[in-house]
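Note that the chains take the letters A, B and C in the order they are written out, and that residue 1 is the start of every chain.
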């Protein structure tokens, strides 16, 4: 075995440099990206209905196939989605996502979405807007819980799911680049993944790796399973270039970890 | 609410800068990309059959699972696909995609594929090639209709579908980078999206957002639903970097809008 | 037809420049990427089990929907997966993937994963590590066969499948950026594709094009169909920028071609 590439432990040590290429996926509103946020304010967060122009049909079109799972998934999670905007000192703030998790209207999101925020604004799926405060935080797992001043007309907490298996369908829902409440589809690529933190302070461990598209602004949104239950909170993407965009590898904090961070047995 | 990040209307105004990062996805044949088009001419547009080397099997392999929806989707749309090449003054032209929409063999595509074209060449799915002219255009919605001089041996118009819902399966079919008649699979991520036009002249509105891969050369191709019906015409992708490649966010003009642009009740 | 963009044969000749943008997807361990490999050694290659934290459920959650195909696909292929690390003269070596194909424990991988390797280390799915040698190579098709000194406790050869059709589901499994044994999901986008070789020596022909995410480190891994059978060996991705990351277009050598390269009727 002396011709092995090297001694593992040695290589491990040598290689445990902080990976520069794993990004938290909050969308910062500075510099060249300012233009992007224009969509945020013009888009209707409650656009889950069918579009206006739906009747063009050139001939009878019996729908013979069952709906995609993702239609039901979106319908189930949609009322619980929130879009988050923050203001921070010294720049324009950030955009992220979140999900309502209890009858008090508390919102689970990623800690890095609200880090250093001097003001947090939440838009519920029904269009209701409210200021919000961080009531609980678990920086170790990049999780925060928000409480809003005003709730939506009807609070619809998401159903929290259990664990996932490799290969399970996975649907992140959030607001990449301010395209509010976007759903994407993929599968769980791996479990128990570790990635370095952006700030260099150690690692995020125990993550779900998935291949559904997430991008800046997706952070904090729910990762939903095929039953419409929240199995994780979206936290990061991997990209070895200096560009913080999706290339097929996203990460979420498992819901058990995230909801534990939220504290309290009632969850 | 004075601690809200800002007054929405003000921020809206401030942020409504034209997003530089939404690209029409025609493939321009200039500069470093010239080499790419080599594939265009060597690839067989009629390659929908099974490959030559299909019999390697190490043991009996009963196919116990039903086919993927996308197999039937591709079979249904394939005869209606067209590959578009243009020549323009001053550069090498462009590559794009399109779909046959009526018995006259007229082709629906994206306006920006044929913009400034001095000559348009269409290759039908059966390999038939023909010159084509723009007979109708709706620049407002980035839609054009082409008429060819020669049709394919058998004209097979695509079936135009109705509206889509968020979460519906979505299959764009086109020729990214000249990989002729490629199908990719994803879901509808959002509806009624607005993006800035590349030329700065306002916005494209009412778009379907999807997460199936599209790239330069995909423009003008059909977005197909799980029943094999055309529900949109592919028009753009979002990428905040200066690179015009897919990162998980594509856009299509809804078919009702596109076919309205084609004009005429007969469609 | 004199107004056609050009004479095809002439354009073909002119355009058949080597595309710089198709990358073999081995992960080289040099320069800025050194840090990435840290994951390799800390991740448990045998992490296919459920994660530790799987019981958080806020209410009864009957699973009413059938499992995703990809769960069964992963379970079936997982015991046959291998993770490959090499050492080469003058740099830190490379990372790739492979799959066990017979009772002798021989491993099918991409030739470019082991090119110029002075030492090859293989980690089986059960965690067993062994040195390996190249026993057969087909550079023409970018295929190599490895024999290890030590096998896993139980050798589980993958079942090799037959051909694929456009639209068929396709699941590449490998170790992108050292995220060991990741599965991603997509469909076959096209068949019989040709791409230029990185070293300029002609083309790779007859390839399967797919839209499931692959990245550096995925090379040599199996492309698996919905029955869990190996239908190809992952070899490259297309990206017109100078960044070797996934944008929606991956390529695999069909298994018939690859297993022919492995030699021997017994396969």
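Convention: a residue touches a chain if its C-beta (ideal position, glycine included) is under 8 Å from a C-beta of that chain, and two chains touch if they have at least 3 such contacts.
Not measured: the values here are computed from a predicted model.
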By how many degrees does chain B turn when fitted onto chain C using C-alpha atoms, rounded in steps of 5?
120
Counting residue numbers used by both copies over all numbers at the interface, does the chain A-chain B contact come out same (over half shared) or different (under half)?
different
Taking the mean of the CA coordinates per chain, how far is chain A from chain B in Å?
28
Can you list the chain A residues in contact with two or more other chains?
243, 247
Note: in the complex, chain A contacts chain B through residues 32-44, 47-59, 61, 63-65, 67-68, 70-75, 78, 85-87, 93, 118-121, 129, 131, 176-177, 179-185, 212-216, 243, 245-247
Interface with chain A, chain B side, in the complex: residues 1, 3-6, 8, 11-12, 14-21, 69, 101, 157, 159-169, 186-187, 189-196, 206, 208-209, 211, 226-227, 229, 238-241, 243, 247-249, 254-257, 259-260, 267
